[in-house]
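The chains carry the letters A, B, C and D, assigned in the order they are written, with residues numbered from 1 in each.
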């Protein structure tokens, strides 16, 4: 009986090993199952999800206008002081003083891409961009000014 | 049958006609050394590339694919990198032994190349105790590993080396016993005789089930002797980081790496010679037509084809199985492989005596 | 086992303990000196609070409270014990011999708050380095290099 | 730390080996000082803190909306569940009623995260045992989950999708379709896992009877999750103290009684199937409605302390907030599951071989940032 057990043990072990080998062999002979994405080569076809959080951007329309009122809600919402909103006072046509955006400083190197600033923005002025290739040679280039030079706030955004 | 005798003989005759016999010997030795080193380099590059490709496709990846077609130059680039790297020697290491160990392992691997018949009439040294020579020399590589582990002055290395010692000493037994089955059947220790004995069929087909069992045991023991997963306890990446070669870098590491692959090639070549007929083509009984077609395929292709088949098998093991634990490793040898192979040897002896084999 | 029963059973041996039922679980507030006695009491039958699932400390600037969240795997009842620890000489009896999980948690509290656990077998810093000065989770901890004051 | 003299003066042929902080089997920067006698382990002593960022101290200066994102960095493999726990605590304090739709979304996301985490654990654990291939098979399926996450939440690992009162954005229109496709694929692939690893004789020998933890010890060491359930301790928070819609889903608490590494392994393998079952029940029944309750712009928790327990992929995560009525927590404590589970490692590994330590550590499913915080 001992011999029988001994042999059946060996047979069972061999079978379990063979099942595993069958699986790896199965994939070995089927090159179509390969899932590798050849990243820098597939850049043209690579499409990130719409909601992917790659960086904070401020969209400008064709008249070089944005929607930021300079309310600093994003600055307050940011957990790591990534955003610094510098405001100035502009004169409206009615000769009233009005707070407006001067510079929107964005430190990409400190950003954790949590999306809280976009969530907090009351006028939808900032968005999450899909760009994820952020590597640079000089760290100082990661401090960005989001509003384009000469841009103005869009009409009707309060 | 196509033979390489013509080439080797013509080289010898050409040299004999022009030089004294001493110079002939020296020049022939030089040719052999150059060929052996070239074979080493080529094998190293091809096997590493092959392993990476096999692994990649089993793991649903592509593997190296940037340098050259299908990445075949990747290993050359890696070798270049290893040559350019600084060869560090740790402060507390035994400097002489530390630098000596990779060469021991390498020299052993080179010595093992001598009696292997690569093709019909193409063999470095047709020694009449070929099989004995191989089993004697192959157990020397453990000394290199022990030296490396001890001299590194690293606890991981030491543990790895000790494991390797226990492992190789015990697996040598079942490897030797399974080799003996073929020696018993052939009645000769000479490699050429063993190959010639398989002219009418390979031993694995002629020798009934006992030889198949011996073949399986040989493959397991060979995997263990070359420290390959699932028996890679000497380097056990997740336990001992890199085991006995933790402290090695640059070219010294490359020598260990190369020796590992050369050892795989050699054990697989021995397996192919003993069980699968070496360079002998595949013959089927009295199908003369078929046998004739088979004879047209050069004997070297037969040899390398069989060897690479076995190498693929060993790679297949590596990329499928988890690693054994050190006590289970010894259990497997002493409780399963050794009794089975002893009993098996008895059966084979019976077959040989009664002439039951085909 | 209801809160009433626990209150009754605890206030017997520890008359100075106060109870607070405003939170999710019954909270027992005691002094540091009484903790070991209460812990042994709670661990044994009939309460059998065998599972210490959270051990932490709060710095109230005037004093510390070590907070123990206990539950019983048989009664599925949870209670909170808050022990008041003197801030100038923070020490409290260890419970790592009762609940083994307290071993690591007490070392963590010692590391970050500086509360010394008496009779703890291996009270060393767990997370920070041995030569670290100060106890970072205290409210008066200052680190001019790594901390930005808002 | 050991000084050189201590090592030299060790009696009984003991060998003190540092495993980590950089070691292939510690999955991060865990430092174990192990005392060996030959290959047998005499003692394991963890040294923590290599990735300590003092998240608890950081959170004391972050508002109740902001601190949630930081918790994704603790147990990054179950980031969703960490965020969920924090959101639940804030909701408990403010007594916000979360809309049904948000509750459903949260639970589905939690379970997807759990599967993704267990997939990674499975691959990494097989790697600890020396099998490299399972890692890639596990990542193939995990990739589908991360893609689903990326599409709906905007990130693959640190989602930051939960906000107090619900979830940040509504589900992506393709969400249900993709999750169903994933479930179908996963069901066909999970058998491969069994073929490749579970049934393998070498694997079973490495796992069975290794790293034994008794039921009493599991309770005493405060173990939770698969580690405790493998020893027969019923501790699934989802079952015992259901939160969100866990009380509406039918699922079993997976229990094993052997207490060894193989039991822990089986718990997690079975949990993956259980999670699939839960998602199947929920995915077609997500009610319409708001995905976020209306909350004030500035959240202030009332005075008092609040404790929430949730079941992450590794065990019980407790979030303890002490509030003084301000906009930031006065004191916050994360009771992380890995911390308690790690403390039982010494007990489990003693007397085993060096290889057993790796098997045990693999089945503990340690995530180092979760331990160090």
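Brief remarks follow.
Here, a contact is a pair of C-beta atoms (placed from the backbone, for glycine too) under 8 Å apart; a residue touches a chain by one contact, two chains touch by 3 or more.
Please read all numbers here as calculations on a predicted model, not as lab measurements.
Among the chains in view, D has its Cα centre nearest the centre of the complete protein Cα set.
By number of C-beta pairs in contact, B-D leads when B-D and A-B are compared.
Chain centres computed from CA atoms place B at the largest separation from chain D.
Between chain B and chain C, the centres computed from C-alpha atoms are 63 Å apart. Between chain B and chain D the centroid-to-centroid distance comes to 45 Å (mean Cα coordinates, whole Å). The distance from the centre of chain A to the centre of chain C, with each centre set as the mean of the Cα atoms, comes to 42 Å.
The centroid of the Cα atoms in chain A and the matching centroid in chain B are 51 Å apart. Residues of chain A in contact with at least two other chains: 17, 20, 23-24, 35. In chain B, the residues that touch at least two other chains are 58-61, 319-321. For chain D, the set of residues that touch two or more other chains comprises 133, 140, 196-197, 200, 202. Because contacts link the chains in a way that matches no line, ring, star or complete pattern, their graph is best described as other. Taken together, the chains touch in the following pairs: A-B, A-D, B-D, C-D. Interface residues of chain D facing chain B in the complex, by the touch rule stated above, are 15, 17, 23-25, 36, 39, 126-133, 135-137, 140, 196-197, 200, 202-203, 205-206, 353-358. For chain D in complex with chain C, the residues that touch the partner chain are 1, 48-49, 52, 54, 56-57, 61, 92, 217, 219-222, 224, 233-235, 240, 304-307, 309, 316, 318, 320, 322, 330-331, 333, 335, 339-340, 342-344, 347, 372.
Those residues of chain C whose C-beta lies close enough to touch chain D in the complex are 22-25, 50-54, 56, 58-59, 67, 69, 73, 76, 80, 99-101, 103-105, 108, 112, 126-130, 136-137, 150. Contact residues of chain A toward chain B in the complex are 10, 17, 20-21, 23-25, 27-28, 31, 33-36, 38. On the side of chain A, the complex with chain D involves touching residues 12-13, 16-17, 19-20, 22-24, 35, 48-53, 77-79, 112-116, 119, 128.
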